[in-house]
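Next come two complexes, and both contain subunit A; in the first it sits with subunit B, in the second with subunit C.
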Partner chain A sequence: MRKPLTLRILSALDSKGWLALGVFLALALVVVPLLHLAVPEDSAFHLSTYFITLIGKIMCYALVAVAMDLIWGYGGILSLGHGLFFALGGYAFGMYLMRQIGRDGSYGADIPDFMVFLDWKEIPWFWSGSDSFLWVAILVIVVPALVAFIFGYFAFRSRIKGVYFSIITQALTYAAMLLFFRNETGFGGNNGFTDFKRVLGFSVTSPETRLVLFGLTAVMLAVTLVFASWLVKSKFGRVLTAIRDAESRVMFIGYNPLWYKLTIWVISAVLCGIAGALYVPQVGIINPSEMSPANSIEIAIWVAVGGRGTLIGPIIGAFVVNLAKSWFTVSFPEYWLFFLGLLFIVVTLMLPQGLVGLWKKLMARKEGAAA
Partner chain B sequence: MIRKLLVVLLCAGSLSAHAALDPAQVRQLAAEDSSDKVAAIRQLTQTADPDAVRVLKAMADDNLYLAGDQTVIIEGDKAFDAATGEAIKMPANPESPTVNNRIRGELASALAALKLFDPDVTVRLTSAQKLQSQVTPEMAPLLARALEKESDARIKALLVLAHAQANLGNEDPEARMAAVKALAETSSPTIKSVLLPLTEKAGEPDDKVRYEAIATVKAIDSRLAMAENFGRAFSGLSLGSILLLGALGLAITYGVMGIINMAHGELLMVGAYATYGMQTLFRAYLPDYLDWYLPAAIPAAFFAAALVGVVMERTVIRWLYGRTLETLLATWGISLVLIQAARVLFGAQNVEVANPSWMSGGIEIMPNLILPWNRIIIVGFAMFVLFLVWVLMNKTRLGMFVRAVTQNRPMAGCVGVPTARIDTMAFALGAGIAGLGGVALSQISNVGPDMGQGYIVDSFMVVVVGGVGQLAGAVWAALGLGIFSKLLEGWAGAVIAKIAILVCIIIFIQKRPQGIFALKGRFVE
Partner chain C sequence: MILENTLDDRPEGSDGSDQMGHFVTGELDLSHGVALYLEDITVSFDGFKALNNLNLEIDAGELRCIIGPNGAGKTTMMDVITGKTRPDSGKAFFGQTIDLTRLTEPEIAHVGIGRKFQKPTIFEQHTVFENLELAMKTDKRVWKSLMAWLAGDERDRIAETLKLIRLNGEADRQAGLLSHGQKQWLEIGMLLMQEPKLLLLDEPVAGMTDDETMRTAELFVSLAGMHSLVVVEHDMAFVEKLGGLVTVLHEGSVLAEGDLATVQNDQRVIEVYLGR
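Let's turn to the complex of A and B:
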């Protein structure tokens, strides 16, 4: 007989893990809001709006990194097109945010400004229902899932893998970027969606809304982490890892890798979509450059820096790389690409297990020295 | 027709008999009313008399005056009778007729038309070429006369067309019919637009002529469409050549080592900047031979890119064999470093690489189809590089080793092929070919730090479609993709065409994951 659900969820993390998760949630849900709202602005402990937005953004990235790790670290499939699913989620939620602007746009029309600009008279069919939060929430999940399913089904069925798969996902996101750059596609062309005013009737710029979005992102990240830990320890996760290590053998034993790969691929895409949906109201803009191949490949480096095949690694990687990025682009903008490029080279050459692997090695050496 | 020619001939004969112009007609040039002036100018033009040129030129230069009832030309302190050209006494108080813009335009086209009678062949030729787009029905007799006198075959052909165009407005249906028939062989959009009014009842009362015109317009349309498609196919061919130059190197490195070099596009960039550097050197030290910087840039670009390739292989890629996905990321990192290095060294702006003079211009095949020299040379260059690579891969010892390593690395190692060195050589070769692609690219597109980014996806698509380690596959895939995407662009626009191509490739991979040309042999995954 199987263990009850609560027990299975509890066994996803060890006691240390649950403790860390608790501390993280307490920080995100209690300490950060207090420091932002209650502490006066001139105090050294005050957290600025910039900080809240930055960390909120990076938590969205961390969510994407965990999604990427599930497919790459555990499935052995390197996707260079995850930016597409992220952007699809973002665009889906952006549609709702655009509709929430209502008549407050610069043309004062019922339809979003860019449609007025295109001389469209009414909302096109694929926008119908986008004023309903519930419908859009469904879209955020269903659209990336559907795209991932269709693409993944055909790709995995013909057993495309390795660099072939990577490059084809890159071509996919590149094609989608070109498509979204067109004005006629109906998603704002070059400029994408921006100038949001409200979400569920609350102003997107008010500190309270920002904190709620921040908290939601933190909770989503925590839930994803627990879910992913459970998933990779389950039988499903074990078969997946086996496929990564020796696909032919798994097939000879009698498993069909197609459905395992496809499931993790769709789950990963949905997580990216949700991250995109949380990202857009916090950052306030979504445009086709999110789908550029360079963005997608950067996701891979977050995972690689943190450590593939561990779940905490991608989160650490996303934080380290993105904090470095926001520091570099302010202080030494011309050296950022050098740093990023060298990061790609150094991590792949010298840190195949990432920072987590390095930490483990150091601990092992320390223990060895102590013994 | 013959009778008409005879009449024209007689006219011309009688005109040349008495050299002077009709004084009354010349007097009209200084008439009060602008329309009268225009009429006089046109009549004078019809005479095709060298004297007419003299008078009209004087009028255009504001040297034509009216003294009482006599029209005179005054140049400095000398006066001539306008009609006869004889020197006369300076009149007392000459009046200058008003020459407004309308008259000036009329004068300019009249003088241009009269150039058809210039003794110089080249002047006549340019004049006849210019005329094609501005023929009016009144010009018919003039053109007929010019046609009569013309001996040069090229000018004659142009004049036949112009004459036919002018005759489209003739009263006589027979003449119109003849004109339409004379235009049947052309394929210029302007002539089509001239013929269009004749295809409707309002523009052409005669049924026979109208049907002929409709048929002619159809024929011109189909020729125009053919030329357009041919032009597209050619630009597809030149795009295919660029893709081929990008993909050849990639095919070699991917075939030998099984890795995707994401910095391949940046090796193109290195080649393009090497071309720029060579151009700068020539400007500074050999300005007289500036046109020949391009041939000098070819080896420079090859070795510059190959050197970067060797450094990449020795320092990074060598350590990642067997870890293809990591190699993908590491080479991406290299590409970022190279892009930023180009920005720091040459600035973020595009640099200017000029075409040598022998590459500008083109061959005109049809009025709406011009093949530019730089594209033709690039296609030729790609073929040349392809030939070199073929020789290298199939006729040399190095090529044999590379093929051996591609097909079965452990076995090649067992029989004594130095696989590690072959890897370096193959990588340098692939990089060098990318550098050559950069030379070609510098001649048709912008040279800037980001230029390579757009080519990596395309180049890889060529390799995927063509099949790994196959030169023939890369060639067919590059040309096929190039031509297909240009033809598709013709009716769907560039973006949709690109998306369609990518989707087609993704579907294609489903059917043939090994590409069009798969290596035959036994493989272990």
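Let's turn to the complex of A and C:
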């Protein structure tokens, strides 16, 4: 602790990075709200609710992509089950949103509609406290952390690596999906949670609430980026990449990889949980399909497209793939999966470093030509 | 079954329940002058005995060379000492008190045993400086690494080592771009940063030029006394230059021991090397 922490956090990004981050936050917190609220709807500069929701959603995905990059790009551990942690955070916050509906549900009961449907008389024990925002905020962090810790501890302790680890994470999220599909599990079965009315007493559909959620997501993304950047530039980050490249060497110089992997794994899971919690009120629904294996694979594709091990790459990847997805699913819905598959093949074969790698290569060529 | 294959040849007894910070209570005790003590070590892989009742004693400050034909068990012996492989039977002690068969790899590194692999294993994506920084003896728990910031004296130590391994001009170079010989030196430098009491060096001069080989020999000779060194090597000129005792391994046990000249004139050794 010879150098103050604030100074070290400042050195997480270079001056260009801080500038870009400032511009991003100014856009998200000032320009977007102004264009949404102050500019009349018929103006060409007006930003629609659709746009706000779409970008807000993609920023949540970008957060997940950064979390994935920490574990995959820097830790060398490919998780194909990150959708689980995202969904757990989403479900935890969804519980709160369900309780906020109060008696405004279809049955006008004190308990959420799906419980009435199951003929339950009162809130089950694991829902207790879910009407408290603070408690749920804790759950959003603790539940993914705990699941990740327990799973990660046994997996890393047994030195499960590579494709075996990926397959097990995939199985984990699939098993969780089947569990959440059951009505008796107590999380709304295959319908999940929806029809939210309020968050902290404010209407979830009002433009102001949407903008606040949008702004919070942007801030969270920015904070995560700075945090992740600090993390990978610390000695911890160097040990982590060393484990990725030569694990036995790391052990023989006296580091225990178990705790390093477990730390980054849990951090990654928690970030996903927070992203899920921000996602649910903006999108208005959470159901077990978020845990489907395909969703988790898609997360890996965002990171691969953007560029692993670069932090900014995954954000770019999440935006590019999801903007393409929302365009495709409107214009040519039947071709989306073909496009996704094609994208994955092209990136794997021709752009191993993703879009960021392509950009760097082009810049290097330009410099080479100039010199 | 799939899982078992990924367990990295660690038989039962090593459930990996290594807790951070619980690194070995026993202090290294070299009071009887013995740094490493192996007794009746046997390791078998699917019935093949890689080590067969191996006995070996290394004195504190000694420089010992281990030679032997391929498959004699040299690398397996190092695996046993560093905790990568658990022996089926036998004792392995570091000093008087530390039972190596009960420790994990990171714990063994912490008590003071450093290992250089046959194939240079360095962190190719990191710079030369970072390679040494990561190896440096310090608290290696997660929290400490998160908060770590190099102090002046630590930078000085890295600079000293860089000079010793003649890479002071390459500090910021990516380690993967070094020549083979330089990589070998970097790995030796990493070993020194750990400040080990016992160094295990598996073919340290493979791929080095004659000049580099001789300089390595000088370095090792200067390290002996302060450290104990166990060097596995095929290069006889190098072994000769190192001086010291030579142990010949064959089919997992010690065939002969003595200075190089004695060993080279031993009839059994000649048979093992030339007979077949």
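Note that in this section the second predicted complex is superposed on the first by the 370 of 371 C-alpha atoms of A that agree within 3 Å, B and C clash if a C-alpha of one lies under 4 Å from a C-alpha of the other, contacts with A are read in each partner's own complex, and residues count from 1 in each chain.
We take it that a contact is a pair of C-beta atoms (placed from the backbone, for glycine too) under 8 Å apart; a residue touches a chain by one contact, two chains touch by 3 or more.
Note that this is a predicted model, so its numbers are computed, not measured.
Residue contacts after overlaying the shared chain place A:Arg8 against subunit C, while subunit B stays out of touching range. Of the two partner chains placed by superposition, A:Thr53 touches none, neither subunit B nor subunit C. When the two complexes are overlaid on their common chain A, residue A:Ser248 makes contact with subunit B and with subunit C alike.
In the superposition on chain A, no contact is made by A:Thr194 with either subunit B or subunit C. With both structures placed on the common chain, the touch criterion links A:Ser326 to neither subunit B nor subunit C. Touch criterion met: A:Leu258 reaches subunit C, while subunit B stays clear of it.
Within the superposed three-chain model, A:Val239 lies in touch with subunit C and out of touch with subunit B [touch as defined at top]. When both complexes are overlaid on chain A, the residue A:Asn183 reaches neither subunit B nor subunit C.
Once the two complexes are laid over each other on the shared chain, residue contacts for A:Arg159 go to subunit B and to subunit C alike. More subunit A residues lie in contact with B than with the other chain of the pair subunit B and subunit C. Within subunit A, the residues touching subunit B in one complex and subunit C in the other are 157-160, 162, 164, 248. Those residues of subunit B lying in contact with subunit A across their complex are 258-260, 316, 319-320, 323-330, 332-341, 343-344, 453, 457, 460-461, 464, 495, 498-499, 502-503, 505-507, 509-511, 513, 525.
Remark: subunit C residues 2-3, 6-8, 10, 15-18, 20, 82, 84, 104-106, 109-110, 114-115, 117, 121-126, 130, 133-135, 137, 140-142, 145-149, 151, 190, 194 touch subunit A in the complex.
Put simply, subunit A touches subunit B in their complex at residues 72, 78, 80, 151, 154-155, 157-160, 162-164, 166-168, 170-172, 174-175, 178-179, 181-182, 248, 293-294, 297, 300-301, 304, 334-335, 337-338, 340-345, 347-349, 352. Listed in rising order, the residues of subunit A touching subunit C in the complex are 1-3, 8, 157-162, 164, 231, 234-236, 238-239, 241-242, 245-246, 248-256, 258-260, 263.
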